[in-house]
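Consider the two complexes below, in which subunit A is the common component and subunit B and subunit C are the respective partners.
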Partner chain A sequence: MTYKENAEKFIETYGLSIGDKIQVNKEDITYTGILLDRPEDADDGYLVLKLSSGYNIGVAIENTAAELIEKGEKPKIGFGKSEIPADPKKQNISIVSTGGTVSSVIDYRTGAVHPAFTASDLVKANPELLDYANYNVKALYNILSEDMKPEYWVKAAREIANDISNGSDGVVIAHGTDTMHYTAAALSFMLKTPVPIILTGAQRSSDRPSSDANINLIDSVVAAKSDIAEVCVCMHGSLNDKYTYLHKGTKVRKMHTSRRDTFRSINAQPIAKIENKKININPDYAYTKRGVNGLELNANIEEKVGFIKSFPGISSDYIEYHIDNGYKGLVVEGTGLGHVPNDLIDSFKRARDENIPVIMTSQCLYGRVNMNVYSTGRNIIDSGVISGVDMTPETTYVKLCWALGQSDSYNEVKEIMHEDIAGEFSEKSSIKDFLN
Partner chain B sequence: MDYEKLGLKMGLEIHQQLNSEHKLFCPCKTELVDDDFDGIVQRKLRPTQSELGEIDRAALQESLRGLNFKYENFAKHTCLVENDDEPPHSLNEEALDICITIACLMNMHIVDEFHTMRKQVIDGSNTGGFQRTGMVATDGYLETPYGKVVIESLGLEEDAARRIETKDGFTEFRLDRLGIPLAEVTTDPSMHHPDQVREVAYMLGQILRSTNVKRGLGTIRQDLNISIAEGARVEIKGVQDLDLMAEIVNREIQRQLVLIDIKKELVARNAEVLDEIHDLDELFKDTESKILKSAETIKAVVLKGYDGLIGREVQPGRRFGSEIASYAKKRGVSGIFHSDELPAYGITQEEVDNVTDYLNIGEDDAFIIVAHDEDIAISALEEVKRRASLGLDGVVEETRKALEDGNTEYMRPLPTANRMYLETDIPLFKITADRIEPISNNLPELPDVKQARIIKEYNLSEDLATQLVKRQEADMFEAIIADVSIDATPVASLLAYDLREIKREGHDITALGLDHFKEIFTLLAEGKIAKDSVRKLAIETIKAPESDVAEIAEINNLTMLSEDDVVKIISEIVAKNEGMVKERQMGAMGPLMGMCMKQLKGKADGGMVNKTVRSEIQKLI
Partner chain C sequence: MTYKENAEKFIETYGLSIGDKIQVNKEDITYTGILLDRPEDADDGYLVLKLSSGYNIGVAIENTAAELIEKGEKPKIGFGKSEIPADPKKQNISIVSTGGTVSSVIDYRTGAVHPAFTASDLVKANPELLDYANYNVKALYNILSEDMKPEYWVKAAREIANDISNGSDGVVIAHGTDTMHYTAAALSFMLKTPVPIILTGAQRSSDRPSSDANINLIDSVVAAKSDIAEVCVCMHGSLNDKYTYLHKGTKVRKMHTSRRDTFRSINAQPIAKIENKKININPDYAYTKRGVNGLELNANIEEKVGFIKSFPGISSDYIEYHIDNGYKGLVVEGTGLGHVPNDLIDSFKRARDENIPVIMTSQCLYGRVNMNVYSTGRNIIDSGVISGVDMTPETTYVKLCWALGQSDSYNEVKEIMHEDIAGEFSEKSSIKDFLN
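And then the complex of A and B:
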């Protein structure tokens, strides 16, 4: 219960609990309704009542008395356990839930939204999924996307590897959208996979009829059954509920705070378009086919990696802080082609001397880093800074965590950073790859 | 009809658009748009499942129709919020304050804290699949000539998107109306006479109009809740014309009475709807009926004991069969054929006999045929079976749509309370005494009070006062009169009548502000223009609102002539007609007066012209 102090005392005094039908008497008005929980961030001093019309109202407890009319049941959350039937003719798809908008559920009686929605609830809320595959479902953790940490990438990679070695023909991961592209990149580096691994989510929560969750989930299952044995993100391709795009896990980024088509391939085209449950693969795309790679898990990572954005007026303290505090590597989001103010270059030299790799990316997001054009860039290269080429800053950050998990030698890390591990680079900048 | 004996109970629900500058949860304007739209998004809606396993009846019903939606959007007039591509912004406090005003006028208790709820509506009229709504106040009352009526609740909610058309499996909406704030006023179901409902609806409308609300077609919508003792509660949506209210009530009573009668007859006959759906394709393979020929499949169900009852009239021109058909139509068919109306529609008596034989039905039994694609036909017949079975219960609780002739048509089941849950994207909003007091201390005068007062205070005719109040020009009238010492009637008459005509002639009357009116009537009060020139001057002022009104009068030749000039002009006219004066003597007064007025109209006072003409004639005789 999230009632605090005065309200909590009030409820205790009258022997009430959440879900009870109560009557609240004020000086000139009486309300009857079900006592509901109060949102955690709302302040003290009010009760929440659901009237018989279905409306909620807040009632100030000052000069108010209450009485119990009828004890209520504790609201039950979740769909209850039941077996999901298996059909030997269908492929086996694993669904792993990690929390986020895609996996939330509403308690209609109290009106509270619970993120405690499991992967099996997901199948039950979207029963048409059963037409397409058999499912092995599990809730790995239930966290908001912003609370994601590198250690969770490791846990997810291990779980997925486990599922694949147990015969899973494809994996769908339900994930919060805010940091989905980080997790997608992390899984791309940690896993060589013989089957598709598809991350998906929702921009509009699944407790609303207009949620994009249903189409994203179904299309993810279509992708997970496909021939594309890569880590991908599957999300709405436009504002319409019409098709989704499959983006390469290392080339994708969340580009809008709220639109359904927020995920975009950066410096790349989507691998495929999925419409009416049919997958159309981009013919220009050389993807890894199902079964070509054996399963390999390499989940060693270094978590102590810094991530800095350059800006007019940035001081070298930002770099010095990371060196002084034991960071093992640093990703810089430079301006334009990959620049920072000249004042920072001495700190980069210090990092190089202390064996701390610094990778330069661009806050333009689109285009590639090229530090040869201006003298500042050349000075930055001379200070030992490594180019992030055309990777997004986020993919670069994740890759550096992974590279530092493989080696602590500056030279080896530099080599790994410039080796194409999971399709994170493209040699060519295509005229089509901007704002698409 | 003896309404008391029937146990007639009625309540009203009134939706009134508020005239706030912005929408309820986004910064878009609260105006409808008739420009070409800039884009369309395609969406599907899906009922959400509560963990208690209860899907709301009404929501489920709509979802089964499997409709897809298109939304017309505008780069300038709508935003991502209406598109359901951005979370709602904060509650519009201007709209809330208008509701607080309404609550005070209706003696209501305002809630301590406003909670925005989501009310599931998946007919596509809301892009999110729910309407945002909240309770502002409860437990008020209104004194009426029929006694006290309890105002149960006042809600503040978003208006829905405008339905444009349905075709090719898509229903298309325009997003301009979505999100305009609406006040929803609900009375308790304590009204017992159609005249009373009409009066209360009128009074509520008058109260709403004394606050800052939208005016004009479609800005106020009345719904009627109605039941009789043996019947069931029915909600009739969209009663536009108050004068039609009594007719709608009477026809609904008639419908409920007939349905109760049909129920009794069905029970007596031990009637039953058979489950099986029969395939009649073979039977009709050589049919001449165009409708049947063009359908992919023809299917039928048997209603045992329903013969003759499906054709019973429930409302003028509507049969029990129409009730069943309206359920089937929700599944995409355009209609049904029932045995009480056959042979017809190109279906012959022989074919009817064949069906009767094939289905092996008795004299008391009926059948219903649907012709369409396989899926739709089956789904429609499932609805036919469901509605026909409900005939055994008598009247069904449902939401119906008011038709123009006073009849009603089925829309959807009544919504239940479990389609409401908290809108988690909007913080709870406290309504403190600090907010309410300045509003409750400055309430607008109610229309009837205002009307009575201005009649007395300014000595206006009742008609003029009524029009001023009705057209919301009373405040302008009083502001003008306060500053210009002039007879009230010409001022009232310009505002009450002429303005409307000027508008009809295509002039933008909103260009006229208080200062313009004050200048116009000052000119009149000072005798610089004639009464007859006021209307013309108002029009010319609209054309040049930035210019000085006295100059406009001058340029347009509307100013009065000096007395000397008038005498000069008249004496010239009289001199020219000296022959006639000599001949007719004072009898020349009429024709001469006409000639003078023709030249001096609007430039001299009529009385003065009369006096001058008379004296000029007298000079000659």
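And then the complex of A and C:
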């Protein structure tokens, strides 16, 4: 138990243990739920309860009384470095935490959210996970995802490959939402996998009443046990807690700053919907089945890749800067079908002359880059710029880092950029794929 | 008539005039429509016909015969430098063309689209416009919108102010779609207007069968005659030709590379729907009525403003570059609620020390920037970065150019950035505002 001082005293006074079903009485309100353990650095003035809705809440103990409703069992974990032996009838799922809101708590003193939970805390805070699988839990690092760097993609890919080699039947990665789609794309290019690799997160920390951490985590385990051997993102599918969507790791993007259903497939449909812990796979979706691919890790990347967007006042110096400062490649978010001011085109020619691939994407986000329609686009193609087709700008950036890790030849990089490595291109656009 | 050589001979042979209803017979297909005039630099092997659907098509005259169905009247234009006197019962609408697909034709030799029409051609190509108003037509410049620069915003704002001073009851601006939302935001900040100012464009050039130029133009005239004295974008509202939406100039964005219903209100609802040439104003929308504001032009802007987006491999050199190269302000598209890697924060502090305002927006596009939730956000605020709240990144960039045209004091710019100048902030978010 990690409760200390006031909280520890309170728990002893009422004869409670972690895992007990308890009732907490405050002046105007009564909570009933399972008493959970707290992360190491928690405030000692609060208890954490898991309500029957699955939500975890923090309850201040000042002016509070408690009573035991039913003795519980302290949650135990099977598989990996476990407290109890694995259940041979269950699949073995790895949970890797990297930080982020899904594994964060509110600092009750400042109100700010910071990463605190480890993967092990995640299981402790969501004990019903134990009904679904044996777990191998591991805290890889503990950062908010805005601080994720390409070198962390490499570390995560290696760790995941290691877990799969050691017998994982599926991997769940707890990740901050800000850059989850960048990491999902990176793992998609770096790993060929015989088992599902599922990234998940939360838009509300797990001790806030509206947290989406619980359903996202459990549904990710459902996805990790499924037959879809791909890198996917599993997140809330609507404003309520009814279902989650599974998105292809190369076709997904965070589209809202705060909504729980923020992740959306772009130029594609979700792979599957998970509702009531059951997975319904989109019948139009030709996924790679479990066991079809062997495990292959190719984590070579080039980190010196630029990423800019075009705008009315942009100067060609933005392009020259990258050439002059040793960047090995550049992704441009153009306007419309993939345009920039004609002023920039001479700098694209210079980049081409210096063997620096420039890839064009669109700040529209939806639709395809097509530089054959307008004269500007044709000039851009002639200057050696490569089309990102219908990849998101973010996936294009990640893919260029990876492609430059495979080759430093412009022509080979161009070939890789136009080869479908991890389902990053949609064969054709569907009307349903816009703003869905 | 601007038809020349082969086309001119063909028209003379069959005794046709511009405005006639004619039938054109090719081996396998017969077209019936109004013979339109062609832009000056057109290919001489084609006629342009307006079909009854409103679409204009180019018909090759090789192996083609024609017959006259009904003599027509050559379209005439009242108001401004006109061929016929204005009808005093009609409103006076200015049409200003700036180029773009709405005023483009296909080059039938290469298949590429390039700007060719003038505003006058626009009226000639859409003769039913004459039923709605008297027109003052003017070609301001003739460029594809990816080449629009901030200096063109200034020129357009001055021209529009001039037209309004000279008695326009409404202004329609024909504009390329790539950067239409940037120009719409710029005109919103630069002009207080007693009459509607409506930007419109097309995703297909007006001589392609699927062109949206016709309905967009006519509905823009309907909007320009309405009671909404604001800067708006009027574009297709769906995949068919049934209706258009009117979007607030500061809350709109191009969201698809090719669809005709590409423009969407972000964090807001459209102001009005125009269907069957009738405008239905959203009852929740408190618009500024015609005549309430006097005409005010404030076109002072600072062009040396940077605009970048955050990504996992971004280096603080991206920020330092702008400080070192004389940029007066910088807009950052952060991740999630408005985050960047913590590595960048020292450079934000340097920008603050050097009196360079940095504004934070979100690459999610939807939702609000809120830097109070996470520790990273709080550090970013402490470094002097200013929130873009719920403005699109593009509107934020344009507003910063304008704010720096009003003041070079960090504190005054911060005040302007947080003051609602042109409806750029939504009071509260609605569930309906996401991906609508």
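Please note the rule applied: the second predicted complex is superposed on the first by the 342 of 436 C-alpha atoms of A that agree within 3 Å, B and C clash if a C-alpha of one lies under 4 Å from a C-alpha of the other, contacts with A are read in each partner's own complex, and residues count from 1 in each chain.
By our rule, a residue touches a chain if its C-beta (ideal position, glycine included) is under 8 Å from a C-beta of that chain, and two chains touch if they have at least 3 such contacts.
These numbers were taken from a predicted model, which means no experiment stands behind them.
Undergrad: Of the partners subunit B and subunit C, which touch A:Leu239 in the superposed model: first, second, both, neither?
TA: A:Leu239 contacts both subunit B and subunit C.
Undergrad: On the superposed three-chain arrangement, identify whether subunit B or subunit C touches more subunit A residues.
TA: Counting residues of subunit A touched by each partner, the higher count goes to C.
Undergrad: According to the stated criteria, A:Tyr374 is in contact with first (subunit B), second (subunit C), both, or neither; which is it?
TA: Only subunit C is touched by A:Tyr374; subunit B is not.
Undergrad: After the superposition on A, what does A:Thr335 contact: first (subunit B), second (subunit C), both or neither?
TA: Touch status of A:Thr335: second partner only.
Undergrad: Does subunit B (first) or subunit C (second) touch A:Ser211, or do both, or does neither?
TA: So A:Ser211 only meets subunit B here.
Undergrad: Quick check on the superposed pair: does A:Ser258 touch subunit B, subunit C, both, or neither? Answer first, second, both or neither.
TA: Both: A:Ser258 reaches subunit B and subunit C.
Undergrad: So in the superposed three-chain picture, is A:Asp147 touching just subunit B, just subunit C, both, or none of them (first/second/both/neither)?
TA: second
Undergrad: Have a look at where A:Asp28 lands relative to subunit B and subunit C in the superposition and call it first, second, both or neither.
TA: In the superposition, A:Asp28 contacts subunit B only.
Undergrad: Should A:Asn436 be classified as contacting the first partner (subunit B), the second (subunit C), both, or neither?
TA: In the superposition, A:Asn436 touches subunit C alone.
Undergrad: Pick out the shared contact residues on subunit A: the ones touching subunit B in one complex and subunit C in the other.
TA: 112-113, 239, 257-259
Undergrad: Under the stated contact criterion, what part of subunit B meets subunit A in this complex?
TA: Touching subunit A from subunit B are residues 41-54, 59, 63, 68, 80, 83-87, 109, 111-115, 117-120, 122, 127-130, 133-135, 138-139, 153, 155, 416-422, 424, 427-428, 430.
Undergrad: Which stretch or stretches of subunit A touch subunit B in the complex?
TA: Touch residues, subunit A against subunit B: 28-29, 31, 39, 42, 46, 48, 51-60, 76-79, 105-109, 111-113, 124-125, 203-204, 206-211, 214-215, 239-242, 257-260.
Undergrad: In the complex, go through subunit C and note every residue touching subunit A.
TA: Subunit C residues touching subunit A: 112-114, 144-150, 153, 177-179, 182-183, 239, 254-259, 262, 264, 303-305, 307-314, 317, 321, 325, 333-343, 362-370, 372-376, 378, 394, 397, 401, 431, 434-436.
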